[in-house]
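In the part that follows, the structures are each spelled out as structure tokens.
In the two complexes that follow, subunit A is the common piece, with subunit B as its partner first and subunit C second.
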Partner chain A sequence: MWGGAEELSVNLQKNLIIAGHDSEVLRIPFQWEPASRISSQMLMVRALELWNVDKVIALKFPAFYIRHPDKTLWLLHQYRQAYDLYDAGQTNLPPGQEGDDLRALITNADNEAFAESKRIFTNSEVTRRRLKKYNDFDATVLLPPINDPELFAGGQFGDYIFAGGRVNGMKRQHLLLEALAHTSSNVRLIIAGPPDSPADGNQLREAVERLGLGDRVKLDLRFLPRETYAEYLINAAAVAYLPFDEDSLGYVAMEAATAGKALITTSDSGGILGLVKHRETGWVAKPAAASLADVMNAVFVDQALTRSYGRSARDLWNSFEITWPKTVESLLQ
Partner chain B sequence: MKLLIFTPAVKTSAIGRMSCLVTHALVAQGHDVVIVRAEEKELLRRPSHNFGTRMIPWNDEKQVLDAAAQCDIAVYQVGDNFLYHEGCVSWLARLPGVVCLHDFFVGHMFYAWAQENMDAANSILKHWYGDNVVKSFFKYPDNAAFIEGTKDEAPLVEWITSQALGVITHSRWGTPRLIRSCAGPVHVVPLAYDAPGESTMTPDYEPNKFGRMKLLTIGHINRNKRVASVIRAIASSPLLKQNVVYRLVGSIDPDTALDLSALANGLRVNLVISGSVDDTELAIAVGETDVMSCLRWPSLEAASASAIEAMLYGKATVVTDTGFYGEIPDDCVEKISHEDEINELRTTLERLYSSPGARAAMGERARQWASSTYSADNYARQLVDTSIASQRLRPRVIAKAYFVRVMKQWGASDELLHAEETLGSLAVMS
Partner chain C sequence: MKIALVSTFVPFIYGGARNIVEWLQAMLEKEGHQVERIYLPQIDAPDLLFQQMTAFRWIDLSSADRVICFRPQAHLIQHPHKILWFIHHIRSFYDLWDNDLYRGCPDDEKHRGLRAALHDADTIALREAKHIFTNSRVVSDRLKHFNGVDSEVLYPPVFSSERFHTREYNDEIVCICRLEHHKRQHLLVDAMEFTKTPVRLRLCGSSSSSHYPDELERRIAELGVGDRVTLEYRWITEEEKADYFADCLATVYLPEDEDSYGYPSIEASHSAKAIITTTDSGGVLELVQDGINGFVTEPTAERLAEVMDKLYVDRELAKQMGRNALERLDEINISWSHVLRRLLA
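This part shows the complex of A and B:
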């Protein structure tokens, strides 16, 4: 798997080296399924010893079980199926006693790892709150910087809304298509990014066909070169990103703000709400096609207003002062 | 190899006698041995077997630690008697080593140890056997009920062997529990024993002297030696009643002596109770006898010194067909089924009475087999081999223990620890 966490680790390594340190990424294999194998994978990580390094920065479950006297957590992921997703009935843990035992094991092991960490940062306010709620540990939010800000300068105010990033049910690109069917005919949409599975791609293609949106939608469903992705983004009128209850701001939103684009999201999207202020930096719609259609129309009704939202988004993002040198400095404190 | 052997050494201990034999064999094979006497404080003052090597008491912590620092392996001779093995229990957890387990039931030793360690004892009972055993273990009305209630469900061998790096025991029947509870090797090695009184045995032994067959039971006389059944079997046969003298040699409490005498008198069986005797007199008693009775029920020991002794002396021996006794070759002893004890015993004794020649032939077969099997040299060699194997396995055992400890720190339930996936991931260290 290669996702945001992996991308972040590579860029953290790069920026540690830029700051004058030796740095390596240790990737630890982990598979969610079957759930009965989770405990043995946790044990495997717990047995790892890295006594030949001065400091360990651990990013996610179960990698943060590694023992080290100087360990800092930059928590991107706990095993959410044992926490909030369990409460939401979206867990892969087995029902009954077996699942309860596994959940208790994960909670206890997490608590042990958190207690022995020198400092704990989280990648978002959502992650920080979850850590406090379920494990009663305090943490400092350390938002991840974007990795190649130079790609997100310039560009035009185009005639489309851009939705970039991984394509899957949780990212809800299909909801944008449903909404588009309710908008004026001048609203166009580009969805670009790699589907997690063939079914995720097919679902979008089927929706375009079913809703008769072929002339207003471009689907570019593949792993895009960064330059291609940036081209789509900097030439959009606005950027839409509406994951379901995601922890972080999301790279798509951060890059859009860097590019000075107005943002569209939904009220249940989680971390991104730290960057999308309704009618200030963009629009926060209800997670329903009609509500989304209204804000998609609004993008093109008053272009000056939309541009001003984009500038506000950039200003807000810049006010966070999220840069790699500062991030590295915090992590090495 | 340098061995630190924790063992009772007092002369009254059969395990001490066996340890002494093995120690001499180890030294003869070129090994260094230091003996740590394991009896409780009062018994430490009493005369010991002659081990012919340095001997220190278990409760002299400095001496034991100094000796441990110099040794390659610690060895513990463990039987079901806290008075004889207190030092073993006290040191095993601190200084893990190879356990030579003489009984497949150590409930009495645990019971005595628990009196000063009740919280730990309850936790051990709960861990191995569950809450019901915790509730009942210390509440039996008498010893017989205690043995009956615990021998199968809570024999406590796991308490000892789970702390061991490896285990030697002396018969196969109780080993499944040991294999489950000990992370190291479990080896079955015939007990080391000899026939020290052979030279003093009656030279003019005559079968059925004066027309009477002498039948003998030796050792501490208690219920599980089945003396009452022997008396009833004799009483049930006019031939035996008329022609058998049944003698008991060994310690016996007054109530038991009274009960057995009353039973024998009532049934007109010729019973002689000699009580405790010295080694010479015991050897003479064995030498004079025609048949030895080594019946046991229940049978909880890994090996029986008295049955081995009987065979080493070439005596016809009657045993219960169970446990250690059941593993003796069929043509070396007469095996009696417990379910039909008195009837089978009667017909067996009648046959033995009537066939002195067959009796002698069986005794000779037993003597030859026992002499080659219960050898101190063999035991010493296998003890060294097991010690080396245990040391080699130690890193793997420690690794497994580490992972289990981590899981427990994380609050893993027993079900999770025993899950196929968990065991599978630990199996790589087996």
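This part shows the complex of A and C:
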């Protein structure tokens, strides 16, 4: 698997080297199914010896269990199925005593790892709040910078709403299609990115067919070169991103704001709400087709207003002052 | 196929043990396989060995169709389709045990107990593998001797060998490897005192400390051979290396009893250059046949000087041995196509 955490670690390594340090990425394999093997994998990390290293920056479960006298956490993920996802009834942990024991084990081990860390940063306000709520540890939010901001300059106000990034059920691109069926006929949509599974891609293709949206939707379902992705983004009228309760702002949103695009999201999308202020930097719709359709219409009703939301999104993002040199400085404090 | 490549590392130490993994990864990806490369930290401190070995037992790589394990103790991983490309044991508890200098721990009851337990655990893990490959005859012999398991030698090729070519056969014998005492560049400097021809010597490489390079420099000055010896104490680029091999008269590599032939010997062979080595150099002797694709001499300055002069005087011999060196690669199957065929069989 290669995802946001892997991408972040590689870019952090690159920027540590730019700042004059030696840096190596240590990736620790973790398989969360079956749940009965979670505890041995936690112990596995604890049993490793990491020598010849002055400082460790640990990013996620269970890697943050690694023992080192100078460990800083930049927490992207706890094991959410033992915490908030458990509370939401979405867990792979077994019911009853066995699951309760596993949850207690994870919580206790997490607390120990957090206590032995010199500093704790999180990648979002949501992660920070969760850490406070479930483990009662304080942390500082350190949002991950964009890796190639130069790609997101220029462009036009095009005739489409753009939805980029990985395609899967949790990212809810299908909801955009359902909504599009309720919009006026001038609203167009481009969905572009790699489906997690062939089924995720097929679901979207079938929805386009079923709803008869073929002439208003372009599906470009593949892993896009960065330049192609940026091209779609900088020429969009607005950018939509509606994951279900995500931890972080999300690169898609940060890149859209960098490009000065108005943002569309939903009230249950999580971290991205730090950047989408309703009727300031974009629109926060209800996670339902009708509400989303209203917002998608609005993008093209008053283009001047949409553009001004885009400028505000860029201003808000710039006010966060999130750059790699500042991030590296904080992590090495 | 989904293939996990698993090896161990010491952070910030780079070398051959990473090359074999990363080059294989590139070749497998070129063939369309999905590859995950996993490096886990491993240190050889006796008291921490078993704790770390337990960690390797707990790794879950069941989502891979097959795993290929390299540096110890990666072979302890459990997987239904485990392939080993075994490059060495934890040598202080195996072949170096009888050497007080290299053992690194006392030969007492506690450490003898650790050693016995390590041998048992290794043997069990080795037997779990579907197939065991090694990087040399030397390592295969050790596996047979210490663990009683059979293995197949699979010589590691170099990356994009097409970069290496032949331009000329000049006056210079080139040695490209880290400047370390056990690589014995000092023997080569000493040999230059005994040469009778204007043959030249070039030593290139970085070092773990400046101590040995300084010593070499002093020796060169003492012997007054500075006009014919070039010492480049730095990491040279891949392009520079290809250029040196393209132009040189021959190459030389005389480590003290090493397991493998050393990548520069293979790179020089791709450039059709003869290899000089010594009778006690270990794995290099699997590649170099005396009088055919190079020379295998006694490890003395006088004998080395003789063969260096011989190559200088007889350029036809240098060329013929160089051509033989290139042919030798095919003879013992040093190629990625062979490696991929065997590892994926």
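FYI, the second predicted complex is superposed on the first by the 333 of 333 C-alpha atoms of A that agree within 3 Å, B and C clash if a C-alpha of one lies under 4 Å from a C-alpha of the other, contacts with A are read in each partner's own complex, and residues count from 1 in each chain.
Just so we're on the same page, a contact is a pair of C-beta atoms (placed from the backbone, for glycine too) under 8 Å apart; a residue touches a chain by one contact, two chains touch by 3 or more.
Since the model is a prediction, treat every value here as computed from it, not as a measurement.
When the shared chain is aligned, subunit B comes close enough to touch A:Gln97, but subunit C does not.
Legend: residue contacts after superposition of the two complexes on their common chain; A:Arg37 is shown touching both subunit B and subunit C. After overlaying the two complexes on the shared chain, residue contacts for A:Arg129 are found with neither subunit B nor subunit C. Touch criterion met: A:Leu105 reaches subunit B, while subunit C stays clear of it.
Looking at the shared chain after the overlay, A:Ala47 reaches both subunit B and subunit C. In the superposition on chain A, A:Leu26 makes contact with subunit C only, not with subunit B. Judged by the touch definition given at the top, the superposed model places A:His278 against neither subunit B nor subunit C.
In the superposition on chain A, the residues of subunit A touched by subunit B in one structure and by subunit C in the other are 37, 40, 43-44, 47. Those residues of subunit B whose C-beta lies close enough to touch subunit A in the complex are 402-403, 406-407, 409-413, 415-416, 419-422, 424-425. By the touch criterion stated above, subunit C contacts subunit A in their complex at residues 4, 10-13, 36, 38-43, 45, 48, 51-52, 54-56, 58-63.
Subunit A contributes residues 22, 24, 26-31, 37, 40-41, 43-45, 47-53 to its touches with subunit C in the complex.
For subunit A in complex with subunit B, the residues that touch the partner chain are 34, 36-37, 39-40, 42-44, 46-47, 97-98, 101-102, 104-105, 108-109, 112.
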